[in-house]
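Below are two complexes that have subunit A in common, paired first with subunit B and then with subunit C.
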Partner chain A sequence: MKAYRAILVSRFLTLLQYRSAAIAGVGTQLFFGLVRVMIYDGFYRSSSSPQPMNVDQVTTYIWLGQAMLLLAMFDADKDVAAMIRTGNVAYEMTRPLDLYSVWFTRALSGRAAPLLMRSIPIFIVAGLFFGLKMPASISAAGLFVLSAFGGLLLAASLIALMTVCLLWTISGEGVNRLAAPMIFFFSGLVIPLPLFPDWIQRAIAVLPFRGLIDTPFRIYLGVLNGPSAAAALLHQIAWTAALVLAGRMLLNRGIRRLVVQGG
Partner chain B sequence: MQQIVVEDLTKSFRIGVRAPGLMGSIKALVKPKYERILALDRVSFSISRGELVGYIGPNGAGKSTTVKILSGILVPDGGRVTVGGRIPWLDRIEHVRGIGVVFGQRTQLWWDLPVMESFDLLREIYDVPRDRYRHTRDDLIERLQIGNLLHIAVRQLSLGQRMRCDLVAALLHEPELLFLDEPTIGLDAVSKLAVREFIGRLNRERGVTVILTTHDMDDIEALCRRVMVIGNGQILSDGTLADLRASVTRERWLTVDLAESAAATVVTDPDAQLIRQEGQRFFLSFDPQRISVADLIARIARRYAVHDLFVENPPIEAIVARIYERRSKSSAQQ
Partner chain C sequence: MILKTLQLYRSYMNVSFRSQMQYRASFVLRSLGHFLVTGTEFLGFVALFQRFGQIQGWTLPQMGLFYGMISVPFATTEAVFRGFDTFPNLIKSGDFDRYLLRPRSTALQVLGQDFQLMRVGRFSQALIVLFWSAGRLNVDWSPGNITLLLGGIAGGACLFAGLFVLQATMCFWTTESLEILNCTTYGGVETAQFPVSIYRGWFRGIFTFVIPLATINYFPIHAILNIKDALGSTPLLQWLSPLAGVLFLLVCLQCWRVGVRRYTSTGS
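Showing the complex of A and B:
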């Protein structure tokens, strides 16, 4: 456990040094947040039929999405992809560590550090100037933090699974092109999940991707509370466990057929 | 006591083959073709604690594959391997606690971390007690003279600097067994000597078992009492350097430098063969059982105006090249 914690901390601290990427990200996300809020505002003004969310909720949902974009938009671990391509993965195997746990740890720190650096400024700016509301209640705020952490673990398990899939391909582009847009779309980042048509809601409820950001956001808004919040958290945990298990099993099979590139 | 026992080790790889050109690509897309390459073909050997073994062979002979199986990275198709009583790939995590690995063409240090932080992280990974770690680390830093590199990010190191840091990294947990895969590749002469000298001392003073794969025959001459030669996935020769020489040829080389004023344009002798000539320098090979060194030298000194001469063994490169040649000839006849 100590070793994984050390890797987590080391990578986290390393990634905190990439400040200019974070500043650029904050700028971009604020800009696109404004554009999207204006678009939804336009929709709501031109429609009189009742919607599953009111315009204030949508605005808050969008700003939360901009702040926590990195929980729903990701690729397989680029460094591991490079290790597999160049054969450096061999070194990963000569350490007395469980490979899956290392990759999971990497994914976790790889999300957490930039997420923290980008979300806080966006929270502040959008909260002060652009209509991001406070959480529905103090308990909603607490549960939001908890479920955001759950979303982080879920994201890490998805990234780790995608990374494991790289053992079967060399470039890894395919995995990213296939999985990333699907995750992106079904997480609710493009269109808030409550606004999806009814016929697809059942699938959305089952799929893991709502656990990434939609669950924390609805808890933040107070839409999910009490038993419904508990059920949503359980959905997050169950999927995380299932994806970790799948990733582990797949990795064990992948290792057996491992070819170290470049002799 | 045998530390490493390898019996009938076999490993093959499946590689995609594709005919050249557009048609080849289309064919490969519709119906991919694969070929099996036998990287190791029933390889057997054993190594005792404290040995320093050179493992040589041409590119693609199976050296690295062997090392990767022994270090728990690859799973073989067949055969038995135990290292310190453990099966590397089944018991990987426990196994790798006791080994150190350096692959000359790669680095195990974290690219964007300063060297010292990489070391500290390795301490945590191998769970080395703090004071023990400090002692080992400072000793290694001193021996390899990397004290001035500790706060530089790994990506900014030169190859020679990086290799010395990599050696330290591989030894922080005090392994009993060290695998070195081409540790001197691409190094300048000074770094090469430093690395060589360090490996030799590590083996002599600490009793660390070392398996060294290399293309650099000077590494082998300087370090290894025992040499294994692999070619086409099979062990071709295994023994001391002297045995290896004797198994291939008894011949010695006599190098003769003629005086500037010498009238002769070529040195010949009935019992020796001229292999090469460079200006006034002649390389002769002879069989010491047919003619003694003393007789040959006396005869040549009598007949030519000799400025200088010396006798030596054929360089190890020539020996190894001959083993490979013999091998490919015999496999061509099959």
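Showing the complex of A and C:
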């Protein structure tokens, strides 16, 4: 456990050094948020029929999405990808550590540090100037933090799975390239999940991807509370466990067939 | 001279294409990935139009025309001007020094560095939306209207090319790439895929006068659809507006020349 904590902390601290990239990211995210808020504002002013969310809720949802973009915008671990390409992954396997746990920990810290650096400034700026509302209640705020952490774990389990897929070089790359946009789409970042057509809502409720950002956001807005919030949290945890299991099984199979070419 | 330049560019392209085609499966997957990213985003807009019906009086096929006229030129420029996108690396590594020694224009050499074929994913997605919208709209596709459509696209390609050149030019001063300028390119597409009239005044002003994205779709589309502009542009302006993109590119190339002249190597 100590070793994994060391990996987590050291990589977290390393990534905190990339401050100028974070500042640029914050600027870009604020811009995109502003554009999207104006677009939704335009839509809401054009229609008086009742919608699943009101315009203030959508505005808050969009800003939360900009702040926590990194919970749903994925690619596999680039360092691990390079290791697999060069064959250095063999060294990884000789360490007295559980390989899946190492990759999972890397994924976790790789998301957590940039997420923290980018989300806080956006929360402040959007909260002060651009219509990001406060959480619905104190308990909603507490549950939001909890479910955001759950979303982070879910994200790490997805990234670890995508990374494991890279052991099958070409098809692994295929999975990565095609899964990333689909995850993005079904997470709620493209448009808020409640605004998707009604016929697809049932599928969205089953899929794991709503756990990334949509669950924390609905809790923040107070739409999910009490039992419904508990059910959503359970959905997050269940999927995280399933994806971790799937990742482990796939990794075991991948290692058994892995051939490292010398050089 | 011009013929020689074209020949040189062609051999640059040959090298670039061949190297990208070495990893064919990878190329196909990346292109497909790009197709999906923007494709799902457009599906999102379709869902919004289903819910809301229209945005400030604009329908989905009309919005699709705005979308196509901005995304087609953007995807094109992204592929062709990739060399300017990665230009900061040339400055940081000091490799730009070598470009200065060769008896050809620096802009051409940077341009020839790379042609990103996989942008065909975004390009084809945008083209599908453009054709779909063009078919759905009640527009007489006369030679005049087609000319204006193509003119807008060409003007857009020039405008985005100018932005890429300008972004690279900044590196002569900053060495670092200024990511915040992505707000004008990627952010510009995001903005102008909807009619600029839906935005707040100051914001609309930026994308009409400073970075004139409105000139490549907003104004020409009013002439194509034969509707009255809420912002009060005249038909003459609507027909001439794509030229703003060309003008913009010329100004940016002039800035590039100034930048090259004051370039000092990083020495690494």
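Note that the second predicted complex is superposed on the first by the 256 of 263 C-alpha atoms of A that agree within 3 Å, B and C clash if a C-alpha of one lies under 4 Å from a C-alpha of the other, contacts with A are read in each partner's own complex, and residues count from 1 in each chain.
We take it that contacts are C-beta pairs under 8 Å (C-beta built on N, C-alpha and C of every residue); 3 or more make two chains touch, one makes a residue touch a chain.
Predicted model, so just to flag it, every value in this text is computed and none were measured.
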Partner chain(s) touched by A:W168 [first = subunit B, second = subunit C, both, neither] = neither
Query = Can A:A90 be said to touch subunit B (first), subunit C (second), both, or neither?
reply = first
Ask   = Given the touch rule stated above, what does A:T14 touch, subunit B (first), subunit C (second), both, or neither?
value = first
Message = Just to be sure I read the superposition right, which of the two partners does A:M38 touch: subunit B = first, subunit C = second, or both, or neither?
response = second
Ask   = Which holds for A:L258: it touches subunit B only (first), subunit C only (second), both, or neither?
value = first
Message = Just to be sure I read the superposition right, which of the two partners does A:F185 touch: subunit B = first, subunit C = second, or both, or neither?
response = second
Request  = Scan A:F130 for contacts with subunit B and subunit C and give back first, second, both or neither.
outcome  = neither
Message = With both complexes overlaid on chain A, does A:A3 touch subunit B (first), subunit C (second), both or neither?
response = first
Query = Quick one: subunit B or subunit C, who's touching more of subunit A?
reply = C
Remark   = In the complex, subunit A touches subunit B at residues 2-3, 5-7, 10, 14, 86-88, 90-91, 93-98, 255-256, 258-260, 262-263
Residue ranges of subunit A in contact with subunit C within the complex = 20-21, 24-25, 27-28, 31-32, 34-36, 38-39, 42-47, 49, 51, 170, 173-174, 177-178, 180-182, 184-185, 190-191, 195-197
Task = Enumerate the contact residues on subunit C facing subunit A in the complex.
result = 25-26, 29-30, 32-33, 36-37, 39-41, 43-45, 47-48, 50-57, 176, 178-180, 182-183, 186-187, 190-191, 194, 198-200, 203
Key: Touch list for subunit B against partner subunit A, complex   = 13, 59-60, 64, 68, 71-75, 92-94, 96-97, 99, 101, 103, 105-108, 110, 112-113, 117, 121, 124-127
